[in-house]
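One structure below.
Order of writing sets the labels: A, B and C. Residues in every chain begin at 1.
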Amino acid sequence: MEKIKAENLRKIFITKERRGIFKGEKRKVEALKGISFAINKGEIFGLLGPNGAGKTTTIKILSTLLLPDDGDAWVNGYHVVKEANKVREIIGVSLYSDRGFYWKLTGYENLMYFAYLYHLNPEYAKKRIKYLLDILELSKDADRLVEEYSTGMKSKLNFARALIHDPEIIFLDEPTIGLDPNSARKIREIIRDLKKEGKTILLTTHNMYEADILCDRIAIINKGKIIALGTPNELKSVVEKDRVIEIQIYGILNGLTDKIRKINGVKRVGLIQEEKSLKNRIKVIMESDDVVPEVLRILVSEKIKVESIKSVEPSLEDVFVYLTGERLEKEE
Amino acid sequence: MSRYIGNWIMIITLPYMLAGIFLGVGYAVGGKNASINFYKNTGISDPALYSILGGAIMIATMIILENTGGYIREEQLIGTFELHYLTPNSTLQIWFFHILPIATIMIGIFSITITPILLFKGNLLSFSEWLIAATVIFLSLMPLAGIGLVIAALTVRFKEVWAIVNVINSVITLLSGFYYPLEIFPEMVQTIALLVPSSTAVKILRTIIQHRYTSLNFGPQIILFLVLSMIYLSSGYITYKRWENAARKNGELSKY
Amino acid sequence: MQLEKTENSQSINGKYLKGIMSIFLELYATASRGYKIYFRYTAWFIADLITTPIWILVFLLPILMFLPKEQWNNPTTINFFFWAMVMWDIVGAGLWSFGQAIRREQQTGTLEFLFLTNANRIIMFTRSIFTRGLELTIMFAYMVIVFKLLFGVDIILRNILGVIFILTLGLLIAMGFGEIYGALVLRFKNIGPVTNILEFVILGISGIFFPISRLPDQIRLISLLSPFTYIAEMTRYMAMGIETYLDPGFELILMILMAIIFNAIGFVTILYIEKNLKKTGKLGAY
């Protein structure tokens, strides 16, 4: 049974670019180029893609915060534009933001305020908030002003707000971004529990690992288009017959990936830059191991400092590299 | 700066709007004898010029106070305040380099603001008069910057900068006599008003605009500015350093 | 397109409040949030108490310069100014309340989250109205004392219930005016400088400081279009018994009509701008 359906959604934003002191120029940015997908009841569906791919735009359209320029979408059978009120009743939304709370209210008071705006019975709201604060391990900080919260605590509070009215359908925009590993694990556990309760979840992420372990199905989205859709295993089967090696190097030389890409038998090359170190990873998807000596020859001739080379199982990351031929954004 | 064009237009036009309100209401309630009453009370026959000049100095005073105090608050809010402590510069030095251009801009704003009314009255300042006026404004802003530094120090500690700025602004505005002569107050209040640099600045600038000055007029006032600058800047420095150290100990630098 | 629609089951067993109760819940939530935040900025409250008499002096002394010294303590003149200061607060409430509330939500990043709920688009921004109402009440009492101390003049209050009624109605009109203005804030973000200019224009043309009969004919015509003219006129009529420019009964009816019309237009404008921002994607921008 389909709970969410998007048909040919398009969205163009007009941005103003500043040039010099007084000059400005309008530019069109095509955020969504006609995307379609459907999500079944009780499914965790992931929108996977780099920053600026159109993930948040999709969530905002489905959650009635943005009007599409073209196309239609339904949530629980209600049209997101024509029946926006009905849609809002049934969805819970966590948008990625470290703002979005009243600093001078406590965490508890912030949740209570939104509970009332959702017209929750005060008695029910109190119990529900207590439950959510407990499972998110925020209870002891519930009576502290939000201005004293850390980024991670605000993320958890954001997550709690999305669940405050126990919605059937949940949209989560980058739910674990900015969280420490333990908190991220906790959030993932809760997402799995929500699925067990029969909730339908749409989550966006650029974290391949998260998408792989959480999602029943994934749509890989890039530059406003869905370029692949299927279960994690189905997606991985795209590169199943290929061999993948991962080379860990220090620094990066301009044009190195291009040189590797030109080797006969190399299908795709992706560069993954580590956020917190000088290390970089190069993933090479190739037809067979015969290509490896030639790759090594290039590394030696370019005097690249190699830390390790290993053969790896195909992952969603490789699928992304394979499908887009582009390097990925920074990893977490 | 061009992105805050509305604010600048507001700053330049506000003295005219305030003067418009005061004159409009004044003439409406004062009736036929309004001008005579105004002359009897202030000794001035041109209420428009009097009010616009007062307004222009008032705006400069308020901006310097708000900016010097508010600057640190803005940095706290956008989260860059603590980062300054990671650079090899003194935060006071950074703060002071922020103030100097504002003081200079204020001279420009003051000049732009009063030019139309002086032009209208056929009473433009000569270059030397303008130079003296600019020096007076600059010197009178320095003690205010010192008060701003005290506000900045309080900001580091109490965060609620705008409430503090509001209180200090109101007292300084009351005691500066931007729109009325301070002689209407009891002598005690007039003496206290001497501690407010803008009250002296208003008097000097009115003299300059009426072309009634000689260089001898201003000697004591300039000394007063310098003394006030020293007092306020050093008390600002001491207070700031004290609260800065306390904030470092309590880990409050990064809080907003 | 027809997907299977399911009712939210818990709505049946009392999870949600419906109808008028939900409106009361929104009002309660908005008011209590407003008051909590207001009293947690204690520095502001104290600063207001300190600065109110000072600003009154700063504003009134320049005007008194146009009067002979003997009249500086004239009860009628001072009472005129007293009610003008009250009116100024009402004008400020009208212009700033919604605009300020919306701007604040934009800055704190809560606007999108508010629009994810089905709460009433007017009620959710009324926070300032509640706090302004309280502030006005406190300031009113405070200003009565301040005027007595500063000018040695008692405030004339001939019909206290009439004044309360007119000021409440005035606040409602101001609220409607503020909604339209708030919608502009929603669209154009920072319009603080424009607000200041508009506030001065309104103060100038609405007979806040003097009866509009003293205005030149052409300006008086404009002042008759300003809702604040009638609030000022009727307040002085109720408090001091000063004659109104038009028939007081007619002015009262005009005020009631304005309260309804301004609020209706304000509501529609906010909905329109919300839709517009959802088209441009600027709802979350600040």
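As a working rule, a contact is a pair of C-beta atoms (placed from the backbone, for glycine too) under 8 Å apart; a residue touches a chain by one contact, two chains touch by 3 or more.
Please read all numbers here as calculations on a predicted model, not as lab measurements.
Which chain pair has the highest count of C-beta pairs that touch?
A-C
Give the label of the chain whose average Cα location is farthest from that of subunit C.
A
What chain lies closest to the overall centre, CA atoms only?
Closest chain centre to the overall C-alpha centroid: C.
Roughly how far is subunit B from subunit C, going centre to centre by Cα mean, in whole Å?
From the centre of subunit B to the centre of subunit C is 30 Å.
In angstrom, rounded to a whole number, how far apart do the mean CA points of subunit A and subunit B lie?
Here subunit A and subunit B have centroids separated by 51 Å.
For subunit A versus subunit C, what separation do you get between their C-alpha means, in angstrom?
43
Can you tell me which residues of subunit C touch two or more of the remaining chains?
Correct list: 41.
Considering the complex alone, what residue numbers of subunit B touch subunit C?
Against subunit C, subunit B makes touches at 6-7, 9-10, 13-14, 17-18, 20-22, 24-30, 33-34, 37-38, 40-42, 47, 51, 158, 160, 162-164, 166-167, 170-171, 173-174, 179-180, 184.
Provide the residue numbers of subunit A that touch subunit C in the complex, in ascending order.
Contacts found on subunit A: 1-3, 5, 7, 11, 13-14, 31, 57, 60, 63-67, 69, 72, 74, 76-79, 85, 88-91, 93, 95, 97, 99-105, 109, 112-114, 116-122, 124, 145, 161, 165-166, 168.
Going by the contact rule at the top, pick out the subunit C residues touching subunit A in the complex.
1-6, 8, 10, 14-18, 22, 25-26, 28-29, 33, 36-37, 40-41, 108-110, 112-119, 124, 275, 278-281, 283-284
Report the residues of subunit C in contact with subunit B in the complex, numbered from low to high.
41, 43-44, 46-47, 50-51, 54-55, 57-58, 61-69, 77, 80, 190-194, 196-197, 200, 203-204, 209-210, 214-215
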